[in-house]
Amino acid sequence: MQADRDTAALVAATTAFVRREVIPVDDEHDGDIEAAGGEALRRRLQEGARAEGLLSPHGPVDCGGLGLGMAARAPVFEAAGRSLFGPVALNINAPDEGNVHLLDHVASGAQRARYLAPLVSGQARSAFAMTEPAPGAGADPTMLTTAAAKVDGGWLINGRKLFITGADGASFYIIMARTSGEPGEPGGATMFLAPSRAAGIDVVRHIDTVDRSMLGGHCEMLFTDVFVADEDVLGGVDEGFRYAQVRLGPARMTHVMRWLGAASRAHEVAVRYAAERPAFGGRLADLGMMQQMIADNEIDLAATRALLMEACRELDAGGRASESTSIAKTFAAEALHRVVDRATQMCGGLGVSRELPVARIAREIRPFRIYDGPSEVHRWSIARRAVRRLADTAAS
Amino acid sequence: MQADRDTAALVAATTAFVRREVIPVDDEHDGDIEAAGGEALRRRLQEGARAEGLLSPHGPVDCGGLGLGMAARAPVFEAAGRSLFGPVALNINAPDEGNVHLLDHVASGAQRARYLAPLVSGQARSAFAMTEPAPGAGADPTMLTTAAAKVDGGWLINGRKLFITGADGASFYIIMARTSGEPGEPGGATMFLAPSRAAGIDVVRHIDTVDRSMLGGHCEMLFTDVFVADEDVLGGVDEGFRYAQVRLGPARMTHVMRWLGAASRAHEVAVRYAAERPAFGGRLADLGMMQQMIADNEIDLAATRALLMEACRELDAGGRASESTSIAKTFAAEALHRVVDRATQMCGGLGVSRELPVARIAREIRPFRIYDGPSEVHRWSIARRAVRRLADTAAS
Amino acid sequence: MQADRDTAALVAATTAFVRREVIPVDDEHDGDIEAAGGEALRRRLQEGARAEGLLSPHGPVDCGGLGLGMAARAPVFEAAGRSLFGPVALNINAPDEGNVHLLDHVASGAQRARYLAPLVSGQARSAFAMTEPAPGAGADPTMLTTAAAKVDGGWLINGRKLFITGADGASFYIIMARTSGEPGEPGGATMFLAPSRAAGIDVVRHIDTVDRSMLGGHCEMLFTDVFVADEDVLGGVDEGFRYAQVRLGPARMTHVMRWLGAASRAHEVAVRYAAERPAFGGRLADLGMMQQMIADNEIDLAATRALLMEACRELDAGGRASESTSIAKTFAAEALHRVVDRATQMCGGLGVSRELPVARIAREIRPFRIYDGPSEVHRWSIARRAVRRLADTAAS
Amino acid sequence: MQADRDTAALVAATTAFVRREVIPVDDEHDGDIEAAGGEALRRRLQEGARAEGLLSPHGPVDCGGLGLGMAARAPVFEAAGRSLFGPVALNINAPDEGNVHLLDHVASGAQRARYLAPLVSGQARSAFAMTEPAPGAGADPTMLTTAAAKVDGGWLINGRKLFITGADGASFYIIMARTSGEPGEPGGATMFLAPSRAAGIDVVRHIDTVDRSMLGGHCEMLFTDVFVADEDVLGGVDEGFRYAQVRLGPARMTHVMRWLGAASRAHEVAVRYAAERPAFGGRLADLGMMQQMIADNEIDLAATRALLMEACRELDAGGRASESTSIAKTFAAEALHRVVDRATQMCGGLGVSRELPVARIAREIRPFRIYDGPSEVHRWSIARRAVRRLADTAAS
């Protein structure tokens, strides 16, 4: 029923909720989620969203979510993304949101009850422990070095993970570990579910990155003889890389949706600033160089949305959409960064101050060109696909 | 029936026809349509397309066209656009293609028989006589100075037109002339239909532009006491600007479709070149800077297609799509130019020679950033719309 | 004697001093000068520089400076700029450094002793109170609204100033105030010297900008019936705009010098990172897309230096260099921003963390495209000059 | 004596001569040197330049040249480059100009008389036969495959050369051939002088490139058992790569000088066009987006000049300037292309027509990003140098 709710109405309700309940907190604390209350803030904001029927729009209906597909998520997530705290408020922040998607596709019935349901309801937070310090799994996931050894009734996991978003304070982890083969080989990874209170799990430190809006930070983790029972293996043994692909495409696109919201807000703030500020007998917004920045922002936003929707439709139709999500993510990361940079420039001195949200959005969006695959790594894979595709076909 | 023909099959047939029948002529004559035979070439190529059921995919079915909507046209026109002569071969070149669209929407029954039918069948060519020398109608159409004065049974038209594509050799013209109001005022334009043999119509000269693939060139025209009977007024008197809008959005998008084909071919030629050429112990296509150009081309092509399809869907749904076609046209003109420029660079010395089609496509596509509204004029109007839209709404 | 000291030796000594004494503090406190000690840090670092004969390389010799001209300053200031605190350490930070230059050219003997000497020796800090809230003096200085009224024995100043760098904690201010004419008229401004303890001077608040390395912040100031005696008028009455030009060109160029140092450091850190990090069987620095970023950084740095030196030579030869300093500033602001952005991208996740200085330099350098005239305002004035120059001459 | 002639006067005289005698021919024939008269035109224009004392400003004084150093050449060559035929008129076109430089440094007395003197006087034209079809000498000169075998009294040369500029109609060739070692090895090349009438030399064909202003075209050549006597070995055996370096840096910079002239002219034509054309109640040149293009052109031109002069001073001081000339060439090729592209855009429809020289300059300057090393190859070498330089030094 909730899932049938009209998307436009959901977008409007989300926009209003974010404006009324979320943006004031975001503005007051300059987008620093820990300073704004951290876990307590999350619970309070999610309570508000729950009361308005806005919580977990992506969650499966049987777990209490709204069950939206990718195309319907896009405008809702964008509306939430207008505040840096909006995704947390709606329970659609990374990495939880991608983990919901993954568990919905792969989890067993018992896992669904134990891990997925509390995630959708907002009781739990989670993290996805895949990337490792060099020379482990990074841009090249097959370099995975964290290993799980079979023992009686389960597995013992050992290894070190880096840049694990949301790790601090998470209730459980999805841990990617090698169960066969060697680093550099394409196969042999398995996903494991482990509560954070399990023995041997350490959140070693926060990597002190420039962004401040991600609850639980970006952490280094150490796994020392962590025991995971057989029933907490997520899906099949040695199927980890395949499941990672299941998570990958949609997770890329929901990142784009959220950042579209933030970049749109920066743009709109800048346009309103320029429309109100007198300059040379008219308004700043009437000057040609301003118009060029405004138009280029509109174009970049429209192109980002168009690529996003193409990929979402492909995902909704059951495709893996590796190529279209890679293209959309790369374009979006570069384009939205340009949008926010132009917005900064349009606001002059206030664009680099806390008096407008633009500087804060610039600070938070910069890493998007690096996180989830730097633009260069995506370009490398896009080019290789293109060469393969074209070199095989006859010229015309 | 033809209109129901499966689009994918039509694309495949078009691609094969263009490769077999059109590209060899294009290659032999370096895209110079006059050198390749001009009007005689047009008739020969269109005969081939007609024989394969590919002619006039956009034309209304009652006139013998295939009746495709905008979204279906996109991949067909792109396939045709792979050769600079492909649009002429399929009878979908500018300005005829836009004139078909306009006449289909506005022409009376008699006009439909006399002007539209021969256009769709390929018997006739036409031109759209709107733009004028400064300070007349250019980027700002309301500056229209060519005037039509009411006389008994019709109108007398006087004025000068500039950059009239396809004028030389056209069978008839659609002439935009002022029937009320003054230059600079928004109203008062009317469209007139006039056969090229009408007294007082002169094609004064060709403007010697760098592009060589447009049949009939870009001309200066002089209208001296040209009499147009009342029955050859196209639609209502003083409704000309409104009809120009009807033509505008789709015409922008079909330009994008055709140039997408040309730019895609340049990109593919370059990728194949790079994939075949040895460099530093591997292939040129494996070098990182090549991969960056290849990937950026793939991204620019995908974003152009995505924006194009968004606008086509809006047009097919009955919208005017002024904003989305303006955004798509501007992005496409800039992006496709970048694509061809990168393709040039990827091919090295051969990229600036006639030995590959890339240099020729670069020569032909450059004006697209200027024709049909320079990117700067589009940006100006996109920005004004954005300021109007945002300045009226509350901040959030 | 000091002034004759070989520039190369001075650069080497500065580089060594900054590396040994300044960078560790900068690194420890992430470039936040208040957190690092503020005024106390300044005194401590300057004591070190003084001990090594490095203090005030730009100051006039009779006041204890090294008396370097603009061309000689360039590599010394760049060496200092490698640390965000380096300019403070050498007493060449903005706005003091520009104020030294201005006072050296305009101050009376008494003013030289009272204001210039303590500035050169590091005893005093100063600020330059010119820019005002809209619609006052900003990009267009002739909009000056702060007014000075003649009274017996001096002047009474009233007005509000915005974005006054270094205001908090300064010992004295150079205040620009209108003494004749109306806002929007080109003439009628005068410069006044006033100690910060003078009655009626208030530092109202800090504008909370993203940069953290400027001692004394960017402040809003209020001047209420501030009395300045006739002998503290700086230069002639109504000559303020002319003196502002004296300060302007060199101040633009010393900004470029300092930011060149910071951007160079970011680039070098990134290249070393890429040279040490294994990737795909080689080093990250050997991948083509990395090489492209490295090369583009080298090119941008070289072009910035070349434009800077052209302008410095022009200034040293006695020219005002309005055009060449405007061009050099605009190019530098855009180019150095690109350099630091590429450095960020090259360092991946660490590029947006505190573990390397790159993110911090990115944060500090962003406002340079806005401070001292946004790039758009410079472009506007560069274009107007070009049109004036070319429209007057015959074509060829 | 001539060499002492004041540079400014020489620039003024060159500018006037080019405007009066050269540009009209260039304009009439759209920069197509063969259509304009080819060799006959060259002789006629050079006669004019000789009469005014402007011929061969770079030539050694003892051969009748003006003996200018690199820094003095820059503005003179730029003035000549304003017309596409200007370099031919002054006898400073590629490749003759670089060959003069090379012969001046390496030729024996007899070679000086036989080859250099007629080149400086304009009696002879020459070509530099180095680059070969893949996989021979191209971006990587060590791949040289054309071989010279020692025979009694001289050498027998066999091989194929590609993209040999000016080959058709040249009086003699400087041929680079392998005299020891294998392709891919760094050593073993020798330069040989051979009159074009020597047996076994064939100009096989012209590569049909887009540019039309280079006398003698870009040719494929075949050398079949070409005998070169020992006295026509240029410099020492196996010293060819070293001499190529002597030629390389200055030749890069004179290319930049000439293209600076062409791009400046395009810019000036566009600014004048914009300054004369009414738009929206003012002039086109007063619109912000136009101002942005004008300013960015001014900045690109200034930065190109600044980098050029840095490198020239280094060359004049006796340095090889490999790095600074590579940086200046790469920046210039990209920047001047941008300048001409913006000029095209500023002129609208006329910018892509023959009615202004802009389209023609765009056509001729495009290959500069590829000839003399594509920008990508230069970036590759710039990056490698930077990594080598930085990886060896301690961080700071």
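Each chain carries a letter (A, B, C and D) given by its place in the written order, and its residues are counted from 1.
Keep in mind that, in the parts below, a residue touches a chain if its C-beta (ideal position, glycine included) is under 8 Å from a C-beta of that chain, and two chains touch if they have at least 3 such contacts.
Note that this is a predicted model, so its numbers are computed, not measured.
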More contacts between chains, A-B or A-C: A-B
Reference chain C; chain at largest CA-centroid distance: B
Centre-to-centre distance between chain B and chain A (centres being mean Cα positions), rounded to whole Å: 41
Rounded Å distance, chain A centre to chain D centre (Cα mean): 52
Residues within chain B bordering two or more other chains: 287-292, 376, 379-380
Residues of chain C defined as touching chain A within the complex: 134-135, 140, 162-163, 207-211, 218, 277-278, 280, 287, 289-290, 344-345, 348-349, 351-355, 359, 362-363, 366-367, 369-371, 374-376, 379-380
Residue numbers on chain B that touch chain A, as the complex places them: 15, 18-19, 23, 82, 265, 268-269, 271-272, 274-276, 285-286, 288, 290-292, 294-299, 302-303, 306-307, 309-310, 324, 327, 330-331, 376, 378-380, 382-387, 390-391, 395-396
Partner chain C, residues of chain B touching it in the complex: 287-292
